[in-house]
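Each structure below is given as structure tokens.
Below, chain A partners chain B and then partners chain C, in two separate complexes.
Let's turn to the complex of A and B:
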């Protein structure tokens, strides 16, 4: 604006206020245009009344450690969900659990149009937090907010250890609030009870890199340690939905199996009994069966072999030969059955029956050439050979079933272990295996 | 839209009424509180300087509520132990008036309700339920507030107040109700919380550096 321009009517633009600490004289900047209730002097750690033009001293606190430093410095601006925010306050809060102190940091963010928002950081896990516009309904171990159910995670007494900058409430070091967290990843619903007043807030999980990007911070964000209460599971799949889909696929496979089973002709085309005699097998051992006709189009052929073996084996070299074209399928099948008694009782191994399916055999006139071999201790044995045209093949369904089941089980397991580590930090830890918890201590 | 014009009986400055039903206004120049009578304007009081506040809204801010456009024509400023808040008197483009509350960047829009048989202040306690227009409301907080000043046009005479009591009632949704005990006769306002973005506000104040 040039010097000659008449002043625009209306009140002057609000400006950030520069004041001095009444205790030590250090510079104090009020960035929130009067929204702050309290402001903290960074050099002498006095909590001052931000509403008082003279900045009356409300509390002075001691800090035991000098390593409490905000990761995002006061006055830094960043863009969060499309809105510019300036960091105006910082506090460290802590809880005691089993004699251990756990601390986290909270940042107060300000935009003159959108108001106040918060960021929290614990072990590299961040949350973008705002005060609930509506009152959640807490009922037992859950809470309902905007129609979504949040599960109780933990309740603890959080005390304020260290404060810096501006706060829109009367902040005091040493003040304890009862904090209750309910989770519905990636969101967390928290109630803070101080005296008689309860404040509800809603947070959404953010990754360190998102914060670094939003505030254009240098270096790398601290690495997130462990699983945080509302950290979204790396398993983005809906596990229950996945099992439903799996069940649907399994049903489809069963239906396909049933359909092909019904459609298969299962037509017996040969059933012959032969006699193996060791004495005869010395010379030309092979022989051929009767000719049989395989009808329909190209389809499967099942060859069944049964022999009443007992602690013996019999091995048959087969060739399925097309009489018309001479095309042959060679294969060998063994029938063996062993049994006996030992200290555990009766045992048995093998079967007296063997079946094999040859896929894709064209129609035509066929016969089998058979060359038997047998256990040297077996003098003679009757065995029968059956041929069935067009049988359904089930093995492929088993493979398909496993191919579907394996990833479903793996994803479920990953989801389970992640949820387990999440809830192990809560007031409702999952059941421990009795041996592991006792032995480690 | 009619814009009746009058002169301030105190300083003679031109007084423009943006809203035809305005009962009270404040002279922009001498800060006299003026009440409209059948014949003229009468000075009833004087507004002390209003404290600096951080609201982004000001007189003449325009916005939208649902499909209605509105303009801010007046304001009542209150203080309570957690800070201050503004009740901005807004004129809808259909001629009705409403209130846009702004407390630390939380926004809510409410309308005066004609409901009868409102409870006396001594009959209300936290947790109590009331039903208006088939909507149950629960008393969440009773706020003793302090009248701090007025600006612009208001639909009633409002000045010379000191301590006033408000009763906030919430629902499970964004709807809320306020019982206003600043006059002998209680007044009920029914409204809902609104998002800053949804109000599509224009002519906002500007803040240095933002």
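Let's turn to the complex of A and C:
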């Protein structure tokens, strides 16, 4: 090292360079240490050549609307993903689709050691964007970047409407670029073609509150409206995996049902036929059966009733009474069957048999108290009563099946509607809506 | 996260189903009474059913 060589200095401290606009004389602040290609005068809206020591005027534009205000002011500093950045530029861009103008905002962020990155905001949806370090491979309706496949979302011509601050390229208002977006939520891969130059960038979705926290902004971020192209789905779980889990549970449920069905004793403990006679019923109609034993612990008890009714009914007031403890299960069952012919043909309703399952009946000695009632037009009727111990209740499996199915259906539906909203804004909507072409002819 | 919750929930559903089957649960509504007098066996008319006086459907299209 020669004696005249200055000592190696450490990294320069961030300092803004102050200049004046050659058009209006307003102060121009350069924050990006020579990385800016153009700088915009906030006073007279002249786009100046930042590389020129005299700040040559490249373009002057008029503000078309007065509501263009950056949500993050130029010069604001914040820590984004662990790195300090300063907002040095802001632009509004827009596209036209079906005669409607859609506008979004882009912020240029600068760090003297990390360089430039960008934030974009559309209807409260934010993206942290940086230039791709490798060239993505696009083919048909997909693109591959670092081994990740991105689906084509849309291609459009974006124009620059408004600029403010510094830009690391030769920005111009009115400039149009062909923009193609490919998505793989929460990332979006974008190519911008301007003349013959193509720039690829990669963006990652951010929530407004994250931006507000990063830049310590006052108030609340604008509420996100609708579903954005790379917005992560609120259904973070793997829906296909949920269906696999459901299928596994359904199989287990089936196995459980088969197991309990095989294990169930289905032991008949009473089978008797009785006669209902209206003449006898004028006195005391109720009677009791013989005592029967229910063994083998607490279980279900099925009471079956069958009667050869035809356009009649028979109703039985039952009480299953434990002879030893005095505990009783009281229930009423009707057997009725109606049929006939009308203009629609044969019809019928009701059944000639009935089944009821009494839950959790302890073992012991039991009898049935039966009090029959019948259709007044029915003089007499034979009916059979059967009691079977320990029968499986299949309805419980139906409820369990539904309990397993409902959450998966709800999650799937939520995921489906979210993706449907996302892709309805793309070049590949889930359903093409037909437009009427005038029926005045 | 949700998948884990669902797995837990699924096993809970299966466990409840198995327990219900083991304990003899039923979907039918049955009215339970206690301390029915033993005299009912000899005098069935002394017992008053909860369901007596039921309005019977007479059917027909």
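Structural remarks
To be clear about the criterion, the second predicted complex is superposed on the first by the 408 of 441 C-alpha atoms of A that agree within 3 Å, B and C clash if a C-alpha of one lies under 4 Å from a C-alpha of the other, contacts with A are read in each partner's own complex, and residues count from 1 in each chain.
The rule is simple: a contact is a pair of C-beta atoms (placed from the backbone, for glycine too) under 8 Å apart; a residue touches a chain by one contact, two chains touch by 3 or more.
Computed from a predicted model, the values in this text were never measured in an experiment.
After superposition onto chain A, partners chain B and chain C are found to sit side by side with no clash. Counted by residues of chain A touched, the larger count belongs to C, out of chain B and chain C. When the shared chain is aligned, chain C comes close enough to touch A:256, but chain B does not. Once chain A of one complex is fitted onto chain A of the other, the partner contacts of A:34 are limited to chain B, with no touch recorded for chain C. Using the contact criterion defined above for the overlaid structures, shared-chain residue A:418 touches neither chain B nor chain C, since it reaches no partner. Residue contacts after overlaying the shared chain place A:168 against chain B, while chain C stays out of touching range. In the superposition on chain A, contact is made by A:288 with chain C only, not with chain B. After superposing the two complexes on chain A, the closest approach between C-alpha atoms of chain B and chain C comes to 31 Å. In the superposition on chain A, no residue of chain A contacts both chain B and chain C.
If you check the complex, the residues on chain C that touch chain A are 1-3, 6-7, 9-10, 13-14, 16-18, 20-38, 40-41, 44-45, 47, 49-52, 54, 56-61. Those residues of chain A whose C-beta lies close enough to touch chain B in the complex are 10-11, 13-16, 32-35, 37, 51, 84, 111-116, 131, 133-135, 137, 168-169. Against chain C, in their complex, chain A makes its touches with residues 235-238, 241-242, 245-246, 249, 252-253, 256, 260, 284, 286-288, 298-300, 311, 313, 315, 317-319, 321, 323, 326-332, 334, 336-338, 340, 342, 347, 349-350, 356-361, 367, 369, 371, 373, 375, 390, 392-393, 395-397, 399-400, 403-404, 407-408, 411. Within the complex formed with chain A, the residues of chain B that make contact are 52-54, 56, 58, 82-83, 104-106, 140, 170, 172-174, 193, 196, 204-210.
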